[in-house]
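Dropping the structure in here first, questions after.
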Amino acid sequence: MNLLELSGVHTHIGAYHILHGVDLAVPKGQLTMLLGRNGAGKTTTLRTVMGLWHASQGSVRFADKDITQMQTPQIAGLGIAYVPENMGIFADLTVKENMVLAARSAKNASQMDDARLKWIFKLFPAVEKFWNHPAGKLSGGQKQMLAVARAIVEPRELLIIDEPSKGLAPAIINNMIDAFDELKRSGVTILLVEQNINFAQRLGDTVAVMDNGRVVHSGSMAAFSADAQLQQSLLGLAL
Amino acid sequence: QSGKDIRIAHIYSNTGPLEAYGKQTAIGFNLGLEYATEGTMTVNGRKIVVMEKDDQGKPDVAKSLLAAAYSDDKADLAVGTSSSGAALAMLPVAEEYKKLLVVEPAVADSITGDKWNKYIFRTARNSSQDAISNAVAQDKDGTSIVLLAQDNAFGRDGMTAFKESLKKAKVVGEEYLPPATTDFTAAAQRILDKFKGQGGRKVVYIVWAGAANPFKVSDLGLKSNGIEIAGGGNILPALVNYKPFPGMEGSIYYYFGIPKNPVNEWLVSNHYKKYKAPPDFFTAGGFAAATAIVTALKKTGGDTTTNKLISTMEGMSFETPKGKMTFRKEDHQAMQSMYHFKIKVDPAFAWGVPELVHEIKPEEMNIPIRNKR
Amino acid sequence: MLKRLLSHDSPRSHLLAMLLITVVLGLAFAPFIFPGVKALSVAAKVLVFIVLVASFDLLLGYTGIVSFAHTMFFGIGAYGIAIAATRLGAGWGAMLVGLGGALVVSLVLSFAVGLFSLRVRAIFFAMITLAVASAFQTLASQLSDITGGEDGLTFKLPELISPSFEFSDEPFLGVSLDGRLLCYYFLFVAAVVLVLAMLRIVNSPFGRVLQAIRENEFRAEAIGYRVVVYRTTAAVLSALFATLAGAMLAIWLRYNGPDTSLSFEIMVDVLLIVVIGGMGTIYGAVIGATLFVIAQSYLQDLLKLGSSAASDLPWLSALLSPDRWLLWLGVLFVLSVYYFPTGIVGRLRTRALG
Amino acid sequence: MLETKDLTIRFGGHVAVNAVSCAFAPGTLTAIVGPNGAGKTTYFNLISGQLKASAGTVSLDGKSLSGMSPSARTHAGLGRAFQLTNLFPNLTVLENVRLAVQATRAGAHRHGLNLWSIWSDHRALTRRADELLAQINLKAKEHATVASLPHGDQRKLEVALLMALEPKVFMFDEPTAGMNAAEAPVILDLIRQLKKDKSKTILLVEHKMDVVRELADRIIVLHNGTLVADGDPAEVIASPVVQEAYLGVAPKEAA
Amino acid sequence: MKGMDFDWKPLLLVPVLALIALPLTGSFSTWLTLTIAGLAMGMIIFIIASGLTLVFGLMDVLNFGHGVFIALGAYMATTVLGGLSDWSTADALGRNLMALVPALVIAMVAAGALGLLFERFIVRPVYGQHLKQILITMGGMIIGEELIKVIWGPAQLPLLPPTAMAGTVFWLGAAIEKYRLFAVAVGLVVFGGMAWTLSRTKVGLLIRAGVQDREMVESLGYRIRRLFIGIFVVGSALAGLGGVMWGLFQQSVVPQIGAQVNVLLFIVIIIGGLGSTGGALIGALLVGLMANYSGFLLPKLALFSNILLMVGILLWRPQGVYPVANR
């Protein structure tokens, strides 16, 4: 069953026609990788799902609900966590405050789920270390960690992350892979945009490749990994 | 001559901070014309046409409006305006165009003082008249006075004239506050200090224009120290602040209930009829400007030649709601009565009612001539 | 040749070019096309505002400094002429002394402002200049011995540019050839020269760096531009041009007072004109100032027509009453922000592209 | 020769860069690696003057740079691209590059404060900018505003601005982060080209170990602000400190 | 890492200023009068400024039209108190309050309702764009002021405090207007309510986050739109309350009443640090005290005392005393 389904989605930004009929299915409980060249429209697709831009044509369905015309807060309220390309860190707020905001059900830091926080601290030590610091002062990679940590501070049905591994040291990437595995096991559905093909291959169950505002390939990650020629033609990878 | 319209430009603050004043003047002026022409709006067969113009209280606008009125609109003479700054800026224009300007209701002394030229007449009172009449009202033996005024030309000029004409009372201090002052605590404390060691009757004389209520100094420790408050008259909404001070004395330019003459009776009854309210300060002023002009025109037989008008008006007397006024030959300032009043509380009125104590006739005030002819 | 005069910054839209030509021709022949004292006053005010607004655009549109103290420099220019003419009499020498003195004062003050603008954050800077400007206005009305206080100064200028001077008894094309006309053309030439000079400055390498600083100060410094130097220079230049505009105003009005050249109202008008005209375009100042000043000057007359037409509907005629012209000016503010987010120039240029 | 001596910065109690002494010779590409928050970007900021050192000095060819503003350091020959894209968002691609070119030409001070010459007379600047755009495949978008570019193109432009400065020292901070495998080579090629010029010093912060392995002549490792390893790439990568602190518990990645 | 220690230094500013003034004023009772009046005045200023702390300090809307709400509040009060004049002029506190409380409430409701319209038609298109905010809110202010003139006329209207609040009480030789005591009480309620809401709930955090990155806050599932509307309405209602308090203090209202205090309010908020309720209170108290001390010692200087105060504070703390929002 598909938790998220886009069919024939067209999106315009101002006068520009960016998405030309995107069909994308994210199966429940699996990790889907969305790949593609720079400018293929991956970010635009994610933003369209979140209602940050609205599709001019086609439909977006989440858990059998049509969310095409819904407003962003409503969509997020259905149980979607989203990490945008620019990470969306609130630079003037402390790390703690960033986390409190992400935890919708908690009124303040003391109401957050301790066990889950501990788990997050283990994955991303920087989050704990800089708990009371303004998030704007974090290093590039630390910000990325905070962004992902925010997305998993409470259980959500679907996790959408635009380039989670960008700027992270290999050790942290390993942590993150473990984390995604763990989340998957607990039943969370995940949709990632990724450029790091190693990372993608190690984690992905299914894969979709975009080019020029369309999904040009989709299928299982195993098959995609095995087919070097396909990778070459779709992503320009010289393996 | 006969048949051609007499064109009068009336420039006033129809908008801007002095809008309320300007509107009163305009109403008064039109009523005045109606009264003086007995409703015909003609003099000697010439129709009077009034062109109303809004200077927004801005001197630069007033100046170019007046120039445009004289030249584009071919005004024969002009009346204006509410703000002293704007009126001062208009004076040289009258001189350039060699046409008459009747100043109403701007009060600055320098309009008929060092900035004056022969084309300028003023029906409004000037600061000296205000101050001197108030001095007459306050001037008693054994009284010590502290002056409280806004720190601007209006406040300082008024106080200087006031001081100069005191004979018996003694000024023991002067306080000038920023015009935007809203909290008078500090001023009250300074005033208390100034009265230290003074015996006899103690009075704070206040000259103020603006939204804040300077009479509050009374509550801030003055009343409890036996110090009285005094101030000149003002427009009706401001007289509300006088209500808590029954018995307070001062002098006022106009209050509709004071002058007893047919002109005022006509004004009050017609104003009530039209506007369901009594005429105020500036209504009377506008009215006087109109009667002055019509009186002059009647004398010249409708001739609007500037020099003819000037020679007619110099020394001319005319009837106004305040009784007879006379343009003094030297500086063209209208000499007029002022009214020494005492505040009475009357539940029928929202404001403190000024009751006439004594009409201060022009002869009782020695108004200095400040222009150089 | 024309291209060089315009510093190669062509209007980039036919409609805009035509508008500009209309404005320039209209102003050049204003005394003959629109006879009358009022029309000439409006045209002169347009000239002054074009220079003033363009100088503000240099600061805001090109450098990204939001300052509410710009009218302060405008006022300094006007007071320079006014005080000198009052004290030294109606001579050309007095005017030059006044202008020179004003420029020096502005230079010093704007230098301080420019340096200060780097020390604090943008909003704080804006608020501080707001406070400083209001303090300066208070100061001007307090120092009544020098500035004439709230009443201001009325003064005389050399005969040649005064209305009473007539250099020909015969009117030419129905317009009397007097000092006022000469004064107008004096302002016209000054405005043309100053606007072309500013156009040149913003299109110089210096001007481009200013834009870079506005966009991303941090990176501009990183690629090798001394932000302090550029910002301060821009602040000083813009203040000097504003001072000149102030002098033009005083010369035209032969009057100056705190409300005439220092009021916050003027500051807001200038801001509005920059935005309606199109920020960072200089041409926007020309178009915006022309439209705005004309609208402001004739709004009341227009409303007079409107309210007499609507006299059957009491509430409408109350709103359309000329007394409430400011109401419609406010509506103009709101609508122009709604409908000209990139200004008239921006809009015309996008149209020309699309 | 770029040299830092005991370069240190503290933020409150936190020492982000701790007494780092290191020299970088022309003709070498030094990769700087280390965990997130190790102080790599901060180290760059100290060298290029964006941050003021709490202690220590920076010098270039024996001349001390300490106390100089970032712009002065740029004129002295340091060039810097940023980790988080940092451009002039509402100017066009061409103008972005042209501004950088202008900054280097004939003493930016004189040129920049030139209020009177006309921009479009500076054809040479435009020509140079065009060349650079051609090198990074962005010529086609030269009139687009930077804000509308996709992330990958912005990264490329970031590098183009650095190239335009023609510095003696190039500092790249994760130049290919967020770029896909097809585009990243454009940047890497540029760096390879640069390496050929033996007068240039190149510093590269990068988390992608394959890139580091291929390009670096030397690796230094920062950890908690301290320099913990320095030397030949293969050796450094194999060293236990890197294996543990940087690559993490799963050393298969390093192999 | 340990949490931040509470920053107590700014709290000392008020007592320090008062102590400096003590020897200068000469007499104790004078000093006491000035100090109490100054503090009370500060409280009134705080009430007017409180709405702007939310709107400008937290939401980052440079609202030059804030004065309209002040004016509307004051004018509503003239109407209500005028209508209930029997009660407000009765010599009984209970009756007086029965007139005053509805006046306050109606003023707040009216200002809040206007705030709703203002947010929708004036502010919404320009979130995040300071220049346009200045212009469009100025436009809104002009429109509002003109409409007030249409409804209530251009003239000054009296607005007298109810009888029980007129007059003076004496304490240790210091004269204290009763009305100021009432204002202090109202100010404390406003301060307490705001401080509690902002520190105990996520509202403050959400607004600050929303100003920085609205899309992200929405992506986290919060209806920032509604929150912003709500805060704007509350800010406007507080301005309405402030308008009544200010009008009663001045004892009269003019249509320009709001515009007159605009600059002062901005100064208070900048001194306080953007977005800080406590900072705004300190700023307001300092302004109130400074005005009275300088008015007593050097009246000429009183004109510039606010600016000097602001510059002094900014030299010490360039972000104001308690910056919450970092802009």
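A, B, C, D and E are the chain letters, set down in written order, and residue numbers restart from 1 in every chain.
Everything that follows uses one rule, which is that contacts are C-beta pairs under 8 Å (C-beta built on N, C-alpha and C of every residue); 3 or more make two chains touch, one makes a residue touch a chain.
Values in this document were obtained by computation on a predicted structure and should not be read as measured data.
Engineer: Fewest touch steps from chain A to chain C?
Structural biologist: The fewest steps needed to get from chain A to chain C is 2.
Engineer: Stepping chain to touching chain, what's the minimum from chain A to chain D?
Structural biologist: 1
Engineer: Across the interfaces B-C and B-E, which one involves more C-beta pairs in contact?
Structural biologist: Higher C-beta contact count between the two pairs: B-E.
Engineer: Looking at CA centres, what chain is most distant from chain C?
Structural biologist: Most remote chain from chain C, centroid-wise, comes out as A.
Engineer: Which whole number of Å gives the spacing of the CA centres of chain A and chain E?
Structural biologist: 44
Engineer: For chain B versus chain D, what separation do you get between their C-alpha means, in angstrom?
Structural biologist: Inter-chain centre distance comes to 76 Å.
Engineer: Measuring from the mean C-alpha position of chain C to the mean C-alpha position of chain E, what distance in angstrom results?
Structural biologist: 34
Engineer: Whole-Å distance, chain D centre to chain E centre, using C-alpha means?
Structural biologist: Computed value for the inter-centroid distance: 49 Å.
Engineer: Indicate the residues of chain E shared as contacts by at least two other chains.
Structural biologist: Only 149, 300, 303, 327 qualify.
Engineer: By residue number and range, which residues of chain B touch two or more other chains?
Structural biologist: Only 19, 151, 178 qualify.
Engineer: Check each residue of chain D and list the ones that touch at least two other chains.
Structural biologist: Counting only residues that touch two or more other chains, chain D contributes none.
Engineer: Once the touch criterion is applied, which pairs of chains come out as touching?
Structural biologist: Pairwise, the chains that meet the contact rule are A-D, A-E, B-C, B-E, C-D, C-E.
Engineer: Once bound in the complex, which stretches of chain C touch chain D?
Structural biologist: Going through chain C, the ones touching chain D are 4, 7-8, 200-201, 203-209, 211-212, 215-216, 218-227, 229-230, 233, 237.
Engineer: Per the contact definition, I'd like the list of chain B residues that touch chain E in the complex.
Structural biologist: Interface residues on the chain B side: 17, 19-20, 23, 151, 175-178, 180-183, 185-190, 192-193, 211-213, 216, 219-221, 223-224, 235, 237-238, 240-241, 244, 350.
Engineer: For the complex, which residues does chain C have touching chain B?
Structural biologist: These residues of chain C touch chain B: 36-38, 41, 138, 141-142, 144, 149-152, 154, 156, 163-164, 253-255, 257, 259-260, 300, 322-326.
Engineer: What residues on chain E touch chain A, complex-wise?
Structural biologist: These residues of chain E touch chain A: 1-4, 200-202, 205-206, 208-209, 212-213, 215-224, 325-327.
Engineer: Within the complex, which stretch of chain D touches chain A?
Structural biologist: Residues 11, 33-38, 40-42, 83-84, 148, 150-153, 174, 177-183, 207-209, 245-250, 253-254.
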